[in-house]
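By written order: A, B and C. Residues from 1 in each chain.
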Amino acid sequence: MQIEEVTAIVEALLFSMGEAIALEKLAEVVEIDKSTLKKIMEQMQEKYEQDHRGIRLISLEGAYQLCTKPEYYEYIRRMTNKAKSYELTDVLIETLSIIAYKQPITKTHIEAIRGVKSDHAVNKLIEYGLVEEKGRLDGPGKPIVFGTTEVFLRYFGLSSPEELPVLEDKILEQIQKETENELQMKLEEIL
Amino acid sequence: MQIEEVTAIVEALLFSMGEAIALEKLAEVVEIDKSTLKKIMEQMQEKYEQDHRGIRLISLEGAYQLCTKPEYYEYIRRMTNKAKSYELTDVLIETLSIIAYKQPITKTHIEAIRGVKSDHAVNKLIEYGLVEEKGRLDGPGKPIVFGTTEVFLRYFGLSSPEELPVLEDKILEQIQKETENELQMKLEEIL
Amino acid sequence: MNLELKLEHYEGPLDLLLHLIEKNKVSITDIPIVKITDQYLEYINAISVGKMEIMSEFIEMAATLLAIKAKMLLPKPKIESEEEVDPRQELMEQLLEYKKYKIISERLREYSESAAKNVFKEPSIPVEVLNYVEPVNPEEILAKLDFDKLYQVFQMVMKRKADKIDPIRSQFSEIPREVVSLEDKMQSILALKSRRHLSFLELLSEQSSKPAMVVTFLAILELMKTGEIRVEQSNLFEDIRITFN
């Protein structure tokens, strides 16, 4: 049998099977001795490495398999790509705003403010590259603290988190003052 | 982009996807214009026909797919005992040929030609993916019309419905010959 | 001879007719109608009456054949019209058409046999591609975000929180765990007896925490059981009216 024919048969076999096939099995089907086939396979491997081929012949423990060359994965990705759209849901915006203005902040603290579990939201924001871990708090359990990423700051033209509008203190102050006044009034009533 | 690279990318894509891919889709993913790609694909088809290749590139109505060369079928059969997916009965193949040549065709029309009810046959063909509904006829009762699918083309190794055998002349010839023979026989009887 | 089985072997009356024509070595274009009709009827008659669903089409053809036969046996009118139509014409055309597809079928079968040797491949998308996660572009995401909105949301969240928390207690860094007992809650509901009716939703909204709400709900259930109160709801999802007995 011509080498060319063996090459063609092996290609057809490996193509149709998809999986790795042992040299023994190939030799048996093609009806050729193993050592000759092995040499032919080595030649084939070299041929597949040529520029115009998109597939290559890999050998694993005496078995052979055809597979796509990794340099073309990008194109397969494009072909199979299900365009993902990132959505900033209300939950994410809320969580992001808390992290932005309260950073560095622990997850427990975020949850205390929001009143609900926030793992999913925090993870999503990390995945989106808007939030990142900023080290650990020096307290019991050493909880991780989160803050906004540089991309986030840069996008809004800020050079540090301190440049974020800091009006929330005023609100708190106001609330505190109101409460104190109320308390004062009550005390006055009692007295 | 080099032709060699395009060739490699297309091979990688067709290999990993397994199925037929439309020229448009390939052109979009490779980022090359359709007409250039079509020429490259034609070149590729020729290259695959070389002796040392076990696979070839077939085209199906503007889509391309890789498959093994028929001459190596015997070896593939030796390797797996993969039985053929399904065998079409005479009834099915007869119904299918009527649909193929007369499409789009209504069930009533199929039944008129075959002289028998054909629900079962049509349903079976739909189940096999060889036939599909192709809309409704704009007439009384708006009957459904049927036509063949891409699976049909692949099943019969055709790249487009135009490749269906043109039998008109052959049949007429054959029938004519029958009549002549008969005439001959009659003449012989008389003489 | 099991004719029923044989009839099923033919795909239909046309198939049977073609078979008879072939067997008799006659031409479709010149069917010896008497002979073929007789043979056809022989087949039909030999068949049990039971199989009506396959029979009806065969019987219909028998009627057609008999009609053609009758027409052909009738004496021809004396003045022959120039375009005399052969009574067999329609049947002949039908048979020719059918025969055409029979021949095509044979050809297609050959095609399919050679096409069956084209072996395709299952998709094998590299795991690296399957596991690939598209890199996120944070700027693209931020483009959908309004900075002012972010701030407004933050103010809203902090206000909501301030409303919820007892402002005096919040001055201490820790919020003490609230202990709500079922007995206390039942008592406090009963203490509202003077109001005759209570709104379930209002009662819940008055609670300061989730545990308090849960215990309130349990207290209502308990009071229903002991017969102290009755509850009514006029429609699904509507408020529940609590009445003291």
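Simple rule for what comes next: a contact is a pair of C-beta atoms (placed from the backbone, for glycine too) under 8 Å apart; a residue touches a chain by one contact, two chains touch by 3 or more.
Treat the numbers as computed from the prediction; the structure is a model and nothing was measured.
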Core chain by centroid distance, with centroids computed from Cα atoms only: C
Maximum centroid distance from subunit C, chain identifier (CA atoms): A
Subunit B and subunit C, separation of their C-alpha mean positions in angstrom: 29
Distance between chain centroids, defined by C-alpha means - subunit A, subunit C (Å): 36
Subunit A and subunit B: spacing of chain centres that average the CA atoms, whole Å: 44
Multi-chain contact residues (two or more partners), subunit B: 15-17, 66, 68, 76
Multi-partner residues of subunit C (each touching 2 or more other chains): 119-122, 124-126, 129
Contacting residues of subunit C [partner subunit B, same complex]: 11-15, 25-30, 57, 61, 94, 96-105, 107-109, 111-112, 114-126, 129
Subunit A residues within the subunit B interface of the complex: 2-5, 7-13, 15-17, 21, 25, 29-30, 51-55, 66, 68-69, 72, 75-76, 78-79
Residues of subunit B defined as touching subunit C within the complex: 15-19, 58, 65-68, 70-71, 73, 76, 84, 88, 90-91, 93-94, 96-98, 100-101, 113-117, 154-158, 165, 167-168, 170-171, 174-175, 178-179, 182, 185
Subunit C residues within the subunit A interface of the complex: 119-122, 124-126, 128-129, 132, 134, 136-142, 144-145, 147, 149-151, 153-155, 157-159, 161-162, 164, 167-168, 171
